[in-house]
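The data blocks that follow each hold one structure.
Note that chain A is present in both complexes that follow, paired respectively with chain B and with chain C.
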Partner chain A sequence: MKPRFEQGYWLVLEVVVGIAMAFLLLPLIFVALNSIGPAGLAYFPPPEFSISSYTTIPVKWLWSTLAAIGLGLSSTAGGAVLGTLAALALARGGLRARGLVESLCRSPLQIPSLVLGVAFLQFYSWAALSGGPDLRGSYMGLAIAHTAVATPFVMVVVLARLKKFDWYLEEAAQGLGASPMQTFVMVTLPIIAPAVLSGCFFAFLLSIDNVPLSLFLVGAGQPLLPVDLFNSIQFDLTRTVYAVSTIVSAITTVVVATAFRRLTSVFAASG
Partner chain B sequence: MLAVENVTIRYGAFVAVKDISFRAAKGEFISLLGPSGCGKTTLLRSIAGYVLPSEGKILLDGRDVTNLPARDRRIGMVFQNYALFPHMTVAANVGFALRVTKWPKQQAVERVREMLDIVQLQSMADRYPGQLSGSQQQRVALARALAFDPRLLLLDEPLGALDLRLREAMQTEIMRLQRRTGVTAIFVTHDQGEALSMSDRVAVMNRGNIEQLAAPRELYNAPRTEFVADFVGRSNIFQLERKGNRWHIIGTEISLLAEPGTEDQRAALSIRPERIRLSLEPVDGALAGTVTSVIFNGLHQAVKVTTASGLEVVAHDHGDWHDGQGVYLSWKSNDARIVSAGSRPESRA
Partner chain C sequence: MSRHVYARLIWAPILYLALSLGVAVFIFLRNSLYTSAGFGSIVATVSASNFQKLVSDSYYAEVLGETILVSFIVVVISACLSLPIALYLRHFSTARARIYLVIVVASSAMSLVVRALGWISIMNDNGPINGLLKALHLIETPIAMIGTNGAIITGLVHGFVPVFVLTLFPVTQAIDRSVEQAAEGLGASRWQTLFTVLIPLSMPGLVSASLITFAMCMGAYTTPALLAGGKAMLFPILIQQQAMVVLNYPMAATLAFVLTIIVLGITWSSLAAARYFEPKEAR
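Let's turn to the complex of A and B:
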């Protein structure tokens, strides 16, 4: 039998957690419920049960989803490489103005995405007008901007892991005859890999729905899921939007849940 | 084999290692012994190639390796925390050097098996370091350092993390491995018992200098400096002052003949507690004193005596002594060593 005050404590905790969960999940449930109904203008509650909103999803949504995933994967890959290298350079020390370099590398996290988007657009325009490549409205331009945001995400997580990295392991490897490259590939990278992966994971999730950053950089008619959803909601709020959102939420939930389980087990194994 | 020539290592204004020179013969086991901060680990790391000497040279088999990166020196090192690769099995750890230096696969597999055999860890080949006990990890670290036939084996306080019993077992194990492979070994420790019992020669280090490099018995019986006398074993140390051709123990009337040829005005006298005899009857040349404390710790009984002249002397003697008793102290003249005066280990000063 638990003491009385402890029972009260648990009750309060359960109520608070319940409210928080409802607050987080109710909008999603509302979206899912509202997606089940006849296609066309969306209002709640749907007049009748129907799955026509799902069966009539135009194929352009598939392309814009794939485009978002492709952009997420490529910017995450770029961020993984740059973020890991930056973290290694910062953690190893011997860098001049280390603090300044670190805050500069972190800065894309602190600047609002909307501002970042405008800044990239201006920069691309300037580059194009001064005879450089025209990255406006191109996937390359989007990928560069998304990589700029993904990099600090990976860097911050890897840097935290390197704070408790045993640098004697690198010395040991070199004493045993390993070149710097062999040392990195065989010793350092496998040990920090779980941190790199979890940084990538968050960077990918953020890229996938980063509307403000992409809004100014996407070209007219260029498919990209978060921007297309945003425009659809703004201009023609149909049940199709709800259906697409529900599918995307379901997929990400499954992916996130499995990835998280994998990541936690990798972390547990690597200590 | 190994020659360290006038090596000085500076960190800014701080001099960690001051103009050190010594040689190690093939198959020799040398310990670098000293208190923390004496420069022993820094010296070891410069031999390994992790620290670049500010001045001086390091030669291996007659070849200057001072500027050679660690990976090209073929020196096996056992780190204080073992530094085993946590994501590799025991076998992969032991075979790491063979893998990166591209040994033929079959030969490498056999070599790993042989090394695991020597350290008696065959059954642990597929385990990860995290699943092993401290002394097992230690043996993996040794096997890994020896697997690639190193020209030199360096050990940086490898027994520090083990408890007393395991330490003693591992001391024997390290000596057995070293004899068996015939590798030249440099062993860093702050534990004098460890250094004395394992080494062919011991270099006692203090403030970046080697105070004395000698065989364990010589180091113990004939310390050259006050620091060595006090750091290696226990000793009664009395400050001496030169007056003419005699040394006087400061604050007493006792004096002894100085050896001709020494110019020093200051020195110290060192007498091991177990070399001091206590008696109730006065013998020739004995000092009279009073017992002030008797402490028995199983290994020996430390009898503290204050002489009429005010000296405090500790003698190890198993007699039936008690506080306040009047006694006579005596020793053989060659058990009293005149050593050069200097700093003493801080923990005991």
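Let's turn to the complex of A and C:
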């Protein structure tokens, strides 16, 4: 009796996990299937095989992709600097109100992006009405909000790395005559650089797909990929949207597969 | 560098966050106490009228209740799918297990907009499900799936399973293999080992992943908005409508404030739960 019972366990595990994987892949497969066919209104199955939905993608999608990448890169760069500084100060600074400061820096991660979007919208319209700069519908306004969200992402990963940091390395460098700046650039920074890059990777991925934060802050007609896709799906769902989405998911897959080793080592380290 | 140099570094992020996020949160909290004069204009008289409306009009409580129910169902289904995945990845290091891990990690990085589009393509009136049912003459008119809570729950589960697995994975991975072997050596079947050893030892991960997923689900906007198709109403969609359609900034701020309190409450209780489960010697 027992062996069959044991086999049942592994069979159930295989089947449940297999179904879960199919569930994860299914919608992406259907996005790709729907993208193949003549440009125009999408329905399934497509009437004929054609790649014209790809060859007729309007150039505006290129601009909105570049805008999203530019916003992601600039806010990630800002978040990398601010997040690393915050992590160094929290790990090494011996701050008195450490707990308070840390939860303050973490708060953009915990408040829903939708709420941050609403808050920044109301902030910018108050600033404009009070005679300040009008940041509504500008990339500057978007970048300010996205940087605030990117900062804790980098901070959390770097902070986890610094918990295992051997601070005697810094003392050794200074004992050997290195200046504080030399110590930081030649000893500390190279050691934490992989953690900074991993944090940047997550921050960039989040920024480039953050609809609820951007939706309130983009102006009418201002190109930005996730918001343009979001609006097109709701109001103008053509095969072009499927083609663009397929390209986006293909690029994501390639990027993740390339970064996979680094990602898994980060997950192992954070656990 | 010495400690006081490092301590000074905190001023850059603190000043940045205070001047951007801090001011934004202040303005929006103040707006929640003002009243709307319609079309985005605000009357600057302090009152609790928005909060009174929130309590007296049962519509808001209904939407909030619906959002909590949907989030709860999503968490339960996500847990039931994620625990087997985490246990599978813990047990096997085959090529298939590696592919599964790549699928989970790639899914977690995949655009939520694209993933919701996938569900729309499957569930819409001209989609494969309705097409198949029509071809089999089981239905005459297509079943409207978009806009139902079922569609939203499916999309949200799809959105959160990767996050759930990646939160749970380190915990199941850390379970000592000798404990499992000891249970088997003492004559426990695989099922007994699962229920008396693996699940209890996965509990810290299950609890924190569930709370994180619940908090993220309550605040999720992209997936519900796309799969609601203008029909279903959840709390985040309500906030977006107040801010962008009705242009009632004070009411949007009030609703967003309520959502934030709920989400932060859940997040903090998940942190407290993590501390509770943390082994004493590791503190």
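Here are some notes:
Here, the second predicted complex is superposed on the first by the 249 of 271 C-alpha atoms of A that agree within 3 Å, B and C clash if a C-alpha of one lies under 4 Å from a C-alpha of the other, contacts with A are read in each partner's own complex, and residues count from 1 in each chain.
To be clear about the criterion, contacts are C-beta pairs under 8 Å (C-beta built on N, C-alpha and C of every residue); 3 or more make two chains touch, one makes a residue touch a chain.
Note that this is a predicted model, so its numbers are computed, not measured.
Once the two complexes are overlaid through chain A, chain B and chain C fit side by side, free of any clash as defined at the top of the document. In the superposition on chain A, A:187 makes contact with chain B only, while chain C stays out of contact range. In the overlay built on the shared chain, the residue A:65 is in contact with neither chain B nor chain C.
By the touch criterion stated above, A:172 is placed in contact with chain B alone, chain C being left untouched. Contact with neither chain B nor chain C is seen for A:214 once the two complexes are overlaid on the shared chain. By the document's definition of touching, of the two partners only chain C reaches A:13; chain B does not.
For the three-chain arrangement built by superposition, the Cα-centre angle with chain A at its corner and chain B and chain C at its ends equals 100°, in steps of 10.
By the touch criterion defined above, A:27 lies against chain C but remains apart from chain B after alignment on the C-alpha atoms of chain A.
Of the two partners chain B and chain C, it is C that touches the larger number of chain A residues. Once both complexes are placed on a shared chain A, the shortest Cα to Cα gap between chain B and chain C comes to 9 Å. Taken together, the two complexes place residues 270-271 of chain A in contact with chain B and also with chain C. For chain B in complex with chain A, the residues that touch the partner chain are 48-50, 69-77, 79, 81, 83, 85-87, 96-97, 99-101, 130, 144-145, 148.
Contact residues of chain A toward chain B in the complex are 166, 168-169, 171-179, 182, 186-187, 190-191, 270-271.
Chain A contributes residues 2, 5-6, 9-10, 13-14, 16-17, 20-21, 23-31, 33-34, 42-45, 81-83, 85-86, 88-95, 101, 104-105, 107-108, 110-116, 118-123, 125-126, 144-145, 147-148, 151, 155, 170, 180-181, 183-184, 188, 205, 208-209, 211-212, 215-216, 226, 229-230, 233-234, 237, 241-242, 245, 248-249, 252-253, 255-257, 260, 263-264, 267-268, 270-271 to its touches with chain C in the complex.
By the touch criterion stated above, chain C contacts chain A in their complex at residues 1-10, 12-14, 16-17, 20-21, 23-25, 27-28, 31, 40, 81, 84-85, 87-88, 91, 100-107, 109-122, 126-128, 131, 158, 161-162, 166, 169-171, 173-174, 189-191, 194, 215-216, 218-222, 225-226, 230, 236, 239-240, 243-244, 249, 252-253, 256, 259-260, 263-264, 267.
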